[in-house]
Amino acid sequence: MANLKLSGVRKAYGGTVEVLKDIDLEIEQGELVVFVGPSGCGKSTLLRMIAGLEKITDGTLEIDGQVVNDVPPAQRGIAMVFQSYALYPHMTVRDNMSFALKIAKKSKDEIEAAVDKAAKMLQLEPYLDRLPKALSGGQRQRVAIGRSIVRDPKVYLFDEPLSNLDAALRVATRIEIAQLKEQMPDSTMIYVTHDQIEAMTLASRIVVLANKGIAQVGPPLELYEKPRTEFVAQFIGSPAMNMLQGEIVETGERTRVKMANGGEAVSAVPTREEDRGKRVNVGVRPEDFAETEGTPIYRGKVDITEALGEVTLLYFEAQSDEPVIGKLPGVHADLRGREVAMSADPAKVHLFHEGQSLLWR
Amino acid sequence: QDLLVPVGEGPFTWDSYNTFAENTDLSGETVTITGTWTGFEKEKVDEVFRYFEEATGATVEYSGSDSFEQDIVISARSGSAPNIAIFPQPGLAADMASQGYLTPLDPSVGDFVRENYAAGESLVDLATYAGPEGEENLYGIFYRIDLKSLVWYNPITFDEFGFDVPESMEELKELTEDMADEGLTPWCLGLGAGAATGWPATDWVEEMMLRLHSPDVYDQWVSNEISFDDPQVVEAIEEFGWFAKNDDYINGGAEAAATTDYRDSPSGLFTIPPECGMLRQASFVTAFFPDDAEMGENIDFFYFPAFEEKDLGNPVLGAGTLFTITDPSEGATKMIEFLELPLAHEIWANQGAFLSPHSGLNPETYQTDTQRQQSEIIQEATTFRFDASDLMPSEIGAGAFWTGMVDYVTGSEAADVAADIQARWDQLN
Amino acid sequence: MDNIAGQKSGLSIVTNISVVALVLIWLIPTVGLLISSFRTDDQITQSGWWRSAFAVSQAYRVSPPEEGARQEGDRWVLEGNLFDASEDDEVTGSGQVTGFGLTSRAPGAAEPGRTYARYQVAIMEEGELDDTNLEIAHPAGEEPSFPATDEDGNEIVLDPAPIFDRAVTVQENGDFRYEDAEEIDRAPTIYITAPQPPDFTLNNYEQILTSDNMDQAFINTLTVAIPATVIPIVVAAFAAYALAWMDFAARGFFIAMVVGLLVVPLQIALVPLLTLHQRVGIGQSFLGVWLAHTAFGMPLAIYLLRNYMIGLPRDIIECAKVDGATDFQIFTKIVLPLSFPALASFAIFQFLWTWNDLLVAKVFLPSQSDSWVMTVKIADDLLGSRGGDWGILAAAAFVSIAVPLAVFFAMQKYLVRGLLAGSVK
Amino acid sequence: MSPILTGLVTIAIAVAGCAGYFYASNWVLDRVIFPPRTDDRGRNIARANLVRPWLFILPAMLFLSVYLIYPVVGSFWRSLFNRSGAEFVGLGNYTEMFAEEGFRVALFNNILWVIFVPAAATFFGLLVAQLTDRLRWGNLAKSMIFMPMAISFVGASLIWKFVYANDPDIGIINALRDFVGLEPVDVLQVAFWNNFFIMFIMVWMQTGFAMVILSAALRGIPEETIEAAIIDGANPFQIFFKIKVPQITGTILVVWTTITILVLKVFDIVYAMTGGNFDTEILPSYMMDYMFRDDGRATAVAFVIMVIVTPVMVWNIVQARREMR
Amino acid sequence: MANLKLSGVRKAYGGTVEVLKDIDLEIEQGELVVFVGPSGCGKSTLLRMIAGLEKITDGTLEIDGQVVNDVPPAQRGIAMVFQSYALYPHMTVRDNMSFALKIAKKSKDEIEAAVDKAAKMLQLEPYLDRLPKALSGGQRQRVAIGRSIVRDPKVYLFDEPLSNLDAALRVATRIEIAQLKEQMPDSTMIYVTHDQIEAMTLASRIVVLANKGIAQVGPPLELYEKPRTEFVAQFIGSPAMNMLQGEIVETGERTRVKMANGGEAVSAVPTREEDRGKRVNVGVRPEDFAETEGTPIYRGKVDITEALGEVTLLYFEAQSDEPVIGKLPGVHADLRGREVAMSADPAKVHLFHEGQSLLWR
């Protein structure tokens, strides 16, 4: 139940390998912030710095207004759930959950009350006397969460807590975490994940990390709808947003772009007169493409179709390096090998400077 | 490598050697020998064997080992015994003979020993054992004799303190007390000898047996006709204890004796200031004197005296090593024959720290006067007895007796120790 | 974990100090031995190895020749330099007198530059007058002043006056003046103490390495150790593979058997095996030692290797099967190369063990010196004949340690890896 | 032929002979007995695969049977006969032995050894493993501590004879006593405690072994559990005792067992240090006193040792079986 | 280049633990058959039986008309790609690929030619002399495939070959496998996977395993559109198909069902008169639901919404055990907590007997 503030945080391993720099971020009490980013971008490192498991090379970390750079992990009032669960394998579920409290020399009654409460919340009561190895993956993850809860920390930290679970369990546990958050609206949570769906569904705000820094911070849908950079645009959403080159030919409330491959795109992004003639990248998400009879944004021969039942993915024959992908609802196996023309709702056509920032800002 | 002395030179008895050499040709044959002599002693005995090689053309491979007693049993059992084994103890040889691992010697060897060895008859007896079928045979020939009843001292120390060489045990005990009074630790004593730790103490007890009781009692003791815990034996042990269990009398204190190596013990005589005044040890100990030891100068010896009041004469304790054939071959037989030559004895005598019972040996070949004097002691002895522990069954003489003495020196009561040893002996029968 | 925020550095200091302490305790014995192996026997008994870097004071007896003695008054006088007079290199080499005396009991009783004299005095002992020698140090050229009592507390009677017996004055550089009440007709004995500079020598090693048959012993040890390391590895590796990856009826039984045999004390086997060897005609021979070592190392080898092999990914082995490899090919081409760390770590153990073995070698090898291995050579020959010769012993110990240590340091990293997979699982 | 050459040739023959067996027997199996001819190659290969495990395991089992099983059985049988082996005495050797003071001392000491040495070696090994875990010079320290492993028991005894020597100028222990003004003592003669001084030699040698294995085990502990404990507020001691040690109990037990087994085999140290005097005899060295003199007694001692090891052996078998599941 | 036939195949581990039974399956040359099914259902076991790595307890396996039950793996003319790649870690890529050929005593030239060809096909040429540990996951997987190709086997077996790869790589490699299959139209492939998208996109036929047997065999879209059992219906597609209880009230070309919770569903599944009054489970995929003003199939309060950008998942407050989920295109965060009525195109409304089989058959 706390707010966190990172100012100018930098991390360099061994003094030389810089992993993160200039991280400024404020997290309010009650938020659930998700860190996403490509593998190796420093998500775990940032989380571990907040936990105190890594030293902060430069900058300050404040929790509730207090600089805690040199405060040992145990005194920061945080709890962490690890990707590998990190349960103590030689202790029963109950002992796992009460370990921190015992270390803190809490009274027996107090411990029991806290453990029972958490166990109830997480439906772990039947397993309290089992050893971790006698639990399924999902149950283990719940124990790991329970272990955090009993400590009643100011901040919860989750490092890819679901990535070791299989698909079905992952969905179920994800929903459980969402419900848990709802039961503890005041708790602050920071969550690291690889999984877009987790990020989109759980986060109150998503922090996209890239290139040693923060690429964008914002609520999930804002990132989806208004990615600030091509990187974020392509990172959020799957398959990634298509990027097509073009040149602005008409400005104003709506913008018209002449595509390099001959088509034409209309975007709801307003431009000013002086933008005319500028080269832009037109971004269209595969799911926003639709077959068209009129002037298409893109026209190409379908190389492969993947029919997923619900939707069909169209892989166009590559004309440049970047593949173009379309996603049409329903089944369209017949499109394979055919020439298809695609366009999109102007509201869903994004424009990017070649210099990467979203034009319309 | 060159021979120690070129054939034909010096006061050595060459004639019989040359005859032997002419009549013997063992070219290409190898004679393997094992024994206990290692280090300097091995070097010396190797010189002797070199004359055998020179004479016969055979190759002699001698290996000396500290754990000879074990090794010989093991190799005999595994059928890879050497041709000749040199036993430091008749006891073990008797054991081996009874198990059939030894080959009887030609009776002529016995005759030779009787005729040509000092105390020949007894030396034959000591090497005559029952074989596997119970028949008695001569199995070995003694080669080197050690004189045990010697006390070594540093004349300079005696001179500076004004001590005199004692003539009787009473005087020796008095001298011991005097030294202690004067602040000089009287005795160097080292019982340590690896797995054989304790044996030097058995010599002391044997000396005391010979000085307290008649030789008959000694013989009975050896054959266990009187039990080990007989009061007479206990008395001897305690007489030894008078010297050894008094911290003031022993360099480093009585307990230190048990862990001091016997090869280390002479050094105390030579240090400045001296760590002790006297050392009772057999003749071979000269091998362990420091390099700067010079007989008559800073080291000398006297006879370990007898009690004047007991009137038992001058008993002498000795020991000897015994050549036996463990794997018969022409070479082995010839080697035994070779030992009958005075030269075989003279060569070692000439290198020092060696006494021989062979009467044909030219005394001039002894390296030092000391050796000559020692052989005189043997001549003057009214009683000569062989080391008892070497005659006892090896489990006692090379086992229980040793450890028992260590126990005694480090605190146990003489009677208890003796009883333990007797108990062990009882088990053998 | 060096990265944890707010960590106290005190703990790491304590850790460092404790490790240093432990390492020192563990090293001291060996270091002591190592240093001692470079010292002469005299030095070893004179001063502890920990003081080997400093000069030690040692006492010497010097007898300057009596030539040149002359009479001065009622005394005979001999003058000269002790260092010149001595024939002992050690004495000559020290070059400095730190003390001197007239008896071996007190070889350094007087400081250089003073006079040390012996008088015959009368003392009162238990009410009776007695004569005794009294040694006393006093400034050179002066008369001594006698103490009231001697060292036993007896009163010294100065009337009649003490009778001069002899005196000596020694300077630091060794110049001496010896006076005697009687004519000097043989070399007098003077004791001095002189510092002996630290001195290290390779003599011990030279003696060991050039001693009879040492080279033979070294080769014998290798002849024992190498096949006794390789054979069990080969045999055990095949068995371990079979127990890990091949399906056959008695597998569980064999595994249990191997584990059970792990703990059989090998002494139990010596007597029956020796008899057996003799009966089948092997007797005492290298073949016998190899067989014995192979068998005694076998349970541990199979146990370690099987544990390791079973940890290899099943997929790889199955893949090789699909690729058409027979078990023999899978073993030689896939499993063996992949088990290298385990093989190496067992090899280290077995090599150390066979190299250092005394018992098996004594029992199964002939007792003749030409088939001695190093341990036997050291234990039965060197230790025996040089019981008190610490320097030689120390050098001998180091000679025997050298090869295993080299092997150990060379293979160390495999050891850890092999064990990691082997025993920890 | 020079000894080096002889040595090399014998080494080569020995090793090649051994590898040759496996190669040849497999070749025979695959090419001669069950050749994979086209008509019935499937069946022949399958049949060859049934035989092959036995080919692989045969030499090892031969060694084990002849050199370990046969002696165990043979020894027991021998221990029922008198010293010369001629007369059947039943359990006579055992009863006689147990009646003897020396044996009881050895037995008692041996029990001390079995308790103290594995415990101390494991303890020190664990301590060093833990302390050096994060140390920059940890590997160096470990090498130093492992070094005694490479020394023979005889060599080690020699080293410690130095340390324990009576003379304050040789033995460092007495030098220290001397330094603080105490009388030198012969530590090997201090009743009862001398056992511990001798045992410490073994501890000194085996700590390295324990350390290597335990530090590998410590490394194997998942880092996250330790980090979780740090976050839970545990101090370094609590982390060590409550998190690390419980997670490696299995390994600790393996180390413990291995050292226990070794302790029951080693006679050299006692032999070289005291020759069994001063009440320091242990069963293996006691047995050596009788070996080749009284085989009946010697084998009886060996059997007592076997009996002492049996629980360890059973425990190991149970453990191995469990692991197989 | 072979066809396979399994007849009455049964597998029981240790003689007692029955894992599979009554497996009858024919696979034609050139097919790519995917095995799917819940974890532990025996997919790998079946594949390994085909490979010869597990004995077949009962029944026969024929390859090209020859019973191969007792033929060792190497002689079956199969190649297998393992989930863990199972590369020989101590051999270079080239050696890995030529191992099987060397074992088969092929000539050097022959080996080189085969390896080079495969390496070219899989773009592995630059890595031929590297050890596996110096390769990325995707490259390793390609080597594993290449190792199969060089042997020119009759049948390729893949056991979850992509499950160790990260999301992006998985997509890329999946497409590569599809292209590979296209280059070798005659090769027969059997592919085990957990991943629905893989199954849907790669398979010419999918085999769904469940309850020790085969639940359904068919082309992917057939399984999606016409699942034969509730199990298959819920297994294929994510989130799983919603199952709602109801009772047939009108039969004929179209069927009307009165829902247990009050709604009404119309299905294009024809029923006969005698079916009237029968209790059925109405299956509707979440993505087929749409908000309606008319009579809904289902009406409920939205408990949680998960906005994925492209679509929004609606989790309805549970009325019975089975959760009901809707998937609407676009963003609908505002629906949270509101009562929503859902219906679906009758063509997408599936009817199941309570006894599990799809009604319309």
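All chains are identified by letter, namely A, B, C, D and E, in their written order; residue positions are counted from 1 within each chain.
The rule is short, and it goes like this: contacts are C-beta pairs under 8 Å (C-beta built on N, C-alpha and C of every residue); 3 or more make two chains touch, one makes a residue touch a chain.
Quick caveat, the model's predicted, so the values are computed rather than measured.
Shared contact partners of subunit A and subunit C, listed by label, are D, E. Counting only chains that touch, the fewest steps needed to get from subunit B to subunit E is 2.
With centres computed from Cα atoms alone, the innermost chain of the structure is D.
Counting C-beta pairs in contact across D-E and across B-C gives the higher total for B-C. With centres set at the average Cα position, the gap from subunit A to subunit B is 93 Å. Mean C-alpha position of subunit A lies 55 Å from that of subunit D. For the pair subunit C and subunit E, the distance between C-alpha centroids works out to 73 Å.
One finds 28 Å separating the Cα centroids of subunit A and subunit E. In subunit E, the residues touching two or more other chains are 72, 75. The residues of subunit C that reach two or more other chains are 4, 45, 379, 383, listed in rising order.
Among all residues of subunit B, those that touch two or more other chains are 70, 74, 77, 194. Listed by label, the pairs of touching chains are A-C, A-D, A-E, B-C, B-D, C-D, C-E, D-E.
Of all residues in subunit C, only 1-2, 4, 11, 15-16, 18-19, 22-23, 26-30, 32-33, 36, 44-48, 50, 215-216, 219-220, 222-223, 226-227, 230-231, 234-236, 238-239, 241-243, 246-248, 251-252, 254-273, 276, 286, 290-292, 294-296, 298-299, 302, 326-328, 331, 352, 355-359, 375, 378-379, 383, 390, 393-394, 396-397, 400-401, 404-405, 407-409, 412, 415-416, 419-420, 423-425 touch subunit D in the complex they form.
Interface residues of subunit D facing subunit B in the complex, by the touch rule stated above, are 83, 96, 100-101, 166-167, 186, 188-189, 271-272, 274-278, 289, 291-294. Contacts from subunit A toward subunit D in the complex involve residues 51-53, 72-75, 78-80, 82-91, 99-100, 103-104, 147, 151. Residues of subunit D touching subunit A in their complex: 222, 224-225, 227-234, 238, 242-243, 246-247, 249.
Put simply, subunit A touches subunit C in their complex at residues 52-56, 68-73, 75.
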